[in-house]
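Take this structure first; my questions come after.
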Amino acid sequence: MNLHEYQARTLFRAAGIPMPDGDVATTPSEAETIARRLGGTTVIKAQVHAGGRGKAGGVKLAGTPGEAGEAAEKILGMTIKGLVVQRVLVVPAAEIASEAYVGLIMDRATQRPVLMVSAAGGIDIEEVAARTPEKIARLGVDPRYGLLPHQALGLAFFLYRDVAQARAAARIMEQLYQVFTANGCSLAEINPLVTTPEGRVLALDAKLSVDDNELDRRPDLALLRDESAEEPSEVQARRANLTFIKLEGNVGCVVNGAGLAMATMDLVKYYGGEPANFLDIGGSSNPDKVVNALRIITSDRNVKAILFNIFGGITRTDDVANGIKTALAQFPVQVPIVVRLTGTNEAAAVSILQGIGMTALSDMDEAVQKVVAMVQEAA
Amino acid sequence: MSIFGNRETRLVVQGITGRDGSFHTRQMLEYGTGVVAGVTPGKGGQRFADTVPVFNTVAEAVRETGANAAVIYVPPVGAAGAMFEAADAGLSLIVCITEGVPVMDMTRVLPYVRERGARLIGPNCPGLITPGECKVGIIPGNICAPGRVGLVSRSGTLTYEVVNQLTRSGIGQSTCVGIGGDPLNGTSFIDCLRAFQEDPSTDLIVMLGEIGGTDEQNAARFVREQVTKPVVGFIAGQTAPPGRRMGHAGAIISGSSGTAAEKIAAFEAAGIAVMKRPADVVELVRARLAGTTRMKR
Amino acid sequence: MNLHEYQARTLFRAAGIPMPDGDVATTPSEAETIARRLGGTTVIKAQVHAGGRGKAGGVKLAGTPGEAGEAAEKILGMTIKGLVVQRVLVVPAAEIASEAYVGLIMDRATQRPVLMVSAAGGIDIEEVAARTPEKIARLGVDPRYGLLPHQALGLAFFLYRDVAQARAAARIMEQLYQVFTANGCSLAEINPLVTTPEGRVLALDAKLSVDDNELDRRPDLALLRDESAEEPSEVQARRANLTFIKLEGNVGCVVNGAGLAMATMDLVKYYGGEPANFLDIGGSSNPDKVVNALRIITSDRNVKAILFNIFGGITRTDDVANGIKTALAQFPVQVPIVVRLTGTNEAAAVSILQGIGMTALSDMDEAVQKVVAMVQEAA
Amino acid sequence: MSIFGNRETRLVVQGITGRDGSFHTRQMLEYGTGVVAGVTPGKGGQRFADTVPVFNTVAEAVRETGANAAVIYVPPVGAAGAMFEAADAGLSLIVCITEGVPVMDMTRVLPYVRERGARLIGPNCPGLITPGECKVGIIPGNICAPGRVGLVSRSGTLTYEVVNQLTRSGIGQSTCVGIGGDPLNGTSFIDCLRAFQEDPSTDLIVMLGEIGGTDEQNAARFVREQVTKPVVGFIAGQTAPPGRRMGHAGAIISGSSGTAAEKIAAFEAAGIAVMKRPADVVELVRARLAGTTRMKR
């Protein structure tokens, strides 16, 4: 789960990371009030889960409170990479002497957090990594010991020659590591970390991604989820305990298991179709999940046919069949449904489906070919 | 022969009285797995299914029953604790089925398990099955058959799909291992490839990968350098969009890395026969098995 | 540094360890007020750094607030093992179904914290260890991972069969480990940990010792030092950055280095004398330290002669000689002084001493024999 | 020959520009120790005493000078960090002079240092000297002389007292090591006994212990079982009262354990010649050296 900048700021500041004051606004007049309180020139920043806000016009400078309100007026409601801006962050404009990058990611290869720093800050770190990898220093942190002082200081000297600045940056790295581990993050980033003309070291941006698996035990973090920034069908799916991702195609897919779900989408594509979604109903086969899955998929106008691909292991295929039966009784499904199921309680499932006039296939390839053909006919 | 689990496996089930634990323990017992003990704190002294003694702690279970392996079916919040406990009790094989274990927990579990020389499979995995000998986890026993193909996979039901294809075509398996879909896990493709390579009862290896990370690319390099047995591979997620977690915590394309295309290219460069569809597995395995007697290079 | 029970209680409760309410009093009327607030029967406990308070009459039960005041009246001012009671703790009397022991010590042999538990609580754990060692379960905690949940629960099941009690005890062990590590303790103990008739698990006592080396970086802990409970000369010495321990003999000793200081005391004893103190002036040889050392030693009426034993390495022996010279000019020293010094700047030191009519020996044995002989003559 | 330090020692001084660090670095240089670098964050690029290059980090110092050992003179609050840094930089010998290091810090430093295979001496120790070759720490060079007696001690000035007695009597030393007076330290008596036993240039070992803990008792058992060279020992603190910290954090008698009497008895049971007074060292060493050619048992 990605946090908004203004949310990440709160966690950063609580950990002691020096950042300029500031606040979030949902209306131009709020933005104006905040800018008045801050005084001087302010920066108005769109709060959306998308990179490249600046290029998209989502970051503006304002010389006066009035200008801040005007800037907020322009940015609020703007669409950046498909996301509507609903909040802006108002912060004082800082004078900048240098810009650096400091980030922590959970590294799969070394199975530990990796701290990355670069004196080339303010720009996309992936770009720096691709073009000038020598400008990035990396350090794997042993989670049994945490980020040790000399490690942070060593990286800080990679950024700054001045010892006071290096010590300040090292301290910020230690604080960032605390934020990262204390909140179960997969990413924690400061870009840019700046020095001011007076020599202070400040974090001007805050980016955090929290491991979704943390949220069950961390209601405080779960509360930070901004569902207004998400695809409504995905929110609906999550509430129904389904893993759902909307795509642009027209073949709705209902599958049990993430790997099989991806393989099913791939096979749809292989046979010339386009999947409308990724949907994993998970291991336990509550008929309600199937009902919810059908409700979500059928609400997508693009969907021209629906494919069930169920390999019954823990999942009982009769539960899935019952789910389909219940759904069809509850609401009309206007598109054809192709069901492939095999495994646990297959015979019972087939007979349930026959009872409502449906047939079930047992072969995945056959089912995918069939559903793709249906969609192509419909077109 | 087999890898990781066999007739000698003496299994303790952590979370044996829970919903998932009790269901799958029954299935494992039915399959003939050597389930010697269960653990649920506070239920020590009871018996599960009238036969399996239940203990309060894994240490007690090991002391009383000589268990040498554990399978974990406890909720995510307690899963790391269960892995620590199993490793601390000296078990050499630990299979964690639990889905949703916080990754930060795994950063501490993994070094702990390694310091004790244990093999951890998972978390968020279906476990392993050595057909005809033992099943540790949740892979349905009825779709497997004894044989000489080793299978390793990051996913659950996709594994079943492929195993089912093999079994229906008369191709049995030495061991099937699901290493799990999480970004940080105990056993990698390479660990399994190495074990299959060394296992005299395995003639060919099927490897089912997916998008996200570089485990498949590393495995491909390992295959090229150290595996002489034929390998057949698959990558799920060719149609997955970047930046989205495709169900598995580990199945996410970050920037331009971890794509299916990248992984398929790595497989092909390593001489791995790549399936285009799960159904291709039978034909590719048959073709490669026909040439088993000669070394790949 | 040992904390008082009431101080340890504060840290325990902050960590969430369940303990009965209560407060500390320095007068009988305060004790009465606290007892009235608590209601019911209370226990009045002397707050001194000494074991066996109960046997010494330092713990009393009071049925009413009035009785609590009376009990406090009796206990305050009482002397237990040479220490005057200046505070009492007033807590509600708990109904007790069972008593256990839970303690953490820093173990030198394994170089890690060791958690010890025993169902035989309420009595001295060393006694349990000596008589019935099988009643104690021990566990070394790997500081890289901390006390793991299964470890705590395993020990808790050694104490309790009931799973709810075991879980409660395990949680208390984890909290105790937090207190232990967060405060740099050498010892953290709950004795007794009790169960109530209703099945609750409570800590009825709290004992903490903090590593002296923590105090420099932990002013919050340093504030907890109760100098009124210490030998005044030792307080004075600590303020002068001297390591000083008062003993019962009559030969005052001023030495540089702890090992040599102990060896010097041993040699005094070997030649038939009795050392009056341990005193290490430390590595750096500020003349002021010598002046302070002499001031402290001469304030002990038992001292009949003073021995300096200085091996100059880092310590400059001329600094020591100057210190003696300054001290003698500042205040009268009525007892003879024997000086042994050797090493760095020895010649300069000898000439300084000769300037004030003193001689210096270079051999340790000779010096000790001489000072012991002087004391014996004086007797 | 010698143990731990010799002519090949290439030393980096952590805290070289501090009060203690600069004083003792001068002394080490005068003695001829191979001081190749110093470290003080922010002073990188300077030179100490016009010769020794100063760096911001130990890693940099190692990279630029090939240092293989470190000596630490930083204040207590930074001492643990300095030990972590030295171990992380791959140095094989780390000597920490700093007194007052919190024991809780050492519980994490010690496993870190061991995982990296480094030898840590101290903290709160005078260091070591191999007379005529190198001195790492603060032991005065002028009281030592090259020879064949190995000395290991928990204290500083008591060591000087005894070494001085030996040197004045014409008995030189192979290496003198002060392991320090803290309860948790990197190198034990046993580590030193093993090294001296294996060191062909050491004929006899002098061991200076004190009250507190069981290190001396363990060392005595080790002597009985594995040391064939003669050993002469001393225990300071016979007159110390129980429960009081006698200067050293480790010198404290807890209950009835860690007393001088207990340790002396352990020494005697192990065939160690026990000095009653520091001055006895000369006579006992001479007597034992006279019998060196035969094995002790």
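For clarity, chains are labelled A, B, C and D in written order, and residue numbers in each chain start from 1.
Quick note on the criterion: a residue touches a chain if its C-beta (ideal position, glycine included) is under 8 Å from a C-beta of that chain, and two chains touch if they have at least 3 such contacts.
Given the structure is predicted, the values throughout are model-derived calculations rather than measurements.
In summary, the chains found to touch both chain A and chain B are C. Rounded to whole angstrom units, the spacing between the C-alpha centres of chain B and chain C is 55. Each chain gets a centre from the mean of its Cα atoms; for chain B and chain D, those two points are 51 Å apart. The multi-chain contact residues of chain A, meaning those touching 2 or more other chains, are 144-145.
Counting partners per residue, chain D has 108 as the residues that reach two or more other chains.
Chain contacts in this assembly follow no simple pattern; the graph is neither a line, a ring, a star nor complete. Screening every pair of chains for touch gives A-B, A-C, A-D, B-C, C-D. Put simply, chain A touches chain C in their complex at residues 144-145. Within the complex formed with chain B, the residues of chain A that make contact are 106, 108-109, 111-113, 126, 142-144, 181, 184-186, 211-214, 216-217, 243, 245, 247, 255-263, 265-270, 275, 278, 280, 283, 311-315, 342-344, 364-365.
Residues 145, 148-151, 153-154, 157, 163-164, 166-167 of chain C are the ones that touch chain B when the two sit in their complex. Here chain D touches chain C in the complex through residues 23, 76-77, 99-104, 106-108, 110-111, 126, 138-140, 143, 153-161, 164, 181, 183-184, 208, 210-211, 213-215, 218, 234, 236-241, 244-251, 255, 260, 276-279, going by the rule given at the top. The residues of chain D lying in touch with chain A in their complex are 41-44, 56-59, 78, 81-82, 84-85, 88, 108, 112.
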